[in-house]
């Protein structure tokens, strides 16, 4: 499902860095042409995020996806605040997630974000959550874009710089 | 702490109703002069509100206080939406709470809201949470009032009708 | 996506009731053979469930799905507490949701739950959220079943009564 | 209210460190006798923690207090997990908080935790939240201690090492 992404981790003493290698639609490996170094987002599970089963409540993963998405946009130079200052809102159109293994307090979850799909009007992020070396969750979220008046816009037209940067990462 | 409120419950088949009897500042019982029938707010503890101790996470009680406050204002004819339409915002200045007994999924918590203090600029609510007949939590929250421009206002001057209704309930 | 469910609403003064008509896998309408009256679950959006966009934060819908699922199981006679007393845990394997229209404080969301898929080991619920007459969200969640020792079990074998009841509702 | 704590910040390029200077009950400055270097806990406000007023919802501060308390106990060598492994639970008996200034997404809140009161059976933490140089919130939480069987215990007797470390920090 998230098969269009490959993660090549390099672990240093202080932090985990990661090369994200995007594979194009036609299954040709474009490792050389598109390569970006993006730091995974780390979320330490909080006590209040657990439930009576003793594990992280599943609803919180949707929130962690948002945290990681915010961080990802920061890293590529398009923070939420910058986007909001340009008058853009970016509501969630859909989410999905597959829970592979449970996590618990105080596990650290390492989240890699990728761009799964990009069209002139919509953007789909993919998320890979790892903890203690195991994939614990795979997620996706799709977003559209609204202007100052709450009307849907084509990012390609309305925000060409943002679209160009997304496209470069997407590797299309 | 919540000694200035007395609750006189009447339980019917479908719902629990309650007379709230306010006692004035000088400790004189004013039972006859001030009497209001207000329905307690019911919150059924959700699974996602529990934590790994198996009980309702303490932070949620602050949220239940807000739910009950919203419901109380609805019942006295001053819903949040009506207040917002009049341009008013009412931020929380302080909260406090004492946890008497734990609750768990799927307990029903019955919340009585009272007016603890009322001044021209500030309003303090008191909250009594009961479950299975026991008091489980006592809380308070203090609020000020802002106008459309985010400036603090005297409710007594700016919103005299709202203040008059609060004053009547408060029994001052 | 939620095409295998049909909802036939009857609205009275106090509450909304609903006949859920299940359509079988082979697309034959089995309206007459399987019919159940299940009350939709109502969630009133809380102030603390909104975000700075002024709308209900999308992550909360996953929580509302759980609230509705808990209520649905209560209605069919298999409450979470009863299931837990039988030693069963039922973790979430996957969730998905499509946001059709935003909701806001203090909207009431009416949630219909149905059984989308049922196999000896897995159960998929479907959810239809309506507010002010419009569909605002469509969701699904898939669950497996664990015994007292946290081992996956076949519900069909381990909990035959529960499975039989689900099967009857599912209409297979 | 939190007058018994003084914070002496040292800001380096990467992180903010802080000397916490405790002042004893009799208002004598015991700066020289008791001094501990504890790193403030940093919480970056998440989008989902905002509400429709555009600010961080007040209930979340109670959660941030827990995050900071967990981190504080980690730093002094008594993590929640270690305490739980010793069979201890530490429920919240009371909380209180005063909101001084609002915060918003994506503000970073810097939280200093101190020990406000220590008795053989109870522990009160104090919290100072700062953002952009201003104090935004002051809080307190009081905790008791339960053993494996859920019975209240005297930490001084049951967990003498933990009590001794708290006492040293408290400076009594």
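Brief remarks on what is shown
Labels for the chains are A, B, C and D, by order of writing; each one numbers its residues from 1.
In this section, a residue touches a chain if its C-beta (ideal position, glycine included) is under 8 Å from a C-beta of that chain, and two chains touch if they have at least 3 such contacts.
Since the model is a prediction, treat every value here as computed from it, not as a measurement.
Centroid distances from chain C, each centroid being the mean of CA atoms, peak for D. Looking for a copy of the A-B interface in B-C, B-D or C-D, one arrives at C-D, which has over half of the same contact pairs by residue number. By number of C-beta pairs in contact, A-C leads when A-C and C-D are compared. Distance between chain centres (mean CA atoms), chain A to chain C: 28 Å. In this assembly, the C-alpha centroid of chain A lies 32 Å from the C-alpha centroid of chain D.
Taking each chain's centre as the mean of its C-alpha atoms, chain C lies 41 Å from chain D. Residue numbers of chain C whose C-beta contacts span two or more other chains: 47-48, 55, 59, 63, 66, 105.
Interchain contacts join each chain to each other chain, per the touch definition above.
Interface residues of chain D facing chain C in the complex, by the touch rule stated above, are 47-48, 50-52, 54-55, 57, 59, 104-105. Those residues of chain C lying in contact with chain B across their complex are 46-48, 63, 66-67, 70, 79-81, 105-106.
Residue ranges of chain D in contact with chain B, taken from their complex: 53, 55, 58-60, 62-63, 66, 89, 91-99, 102.
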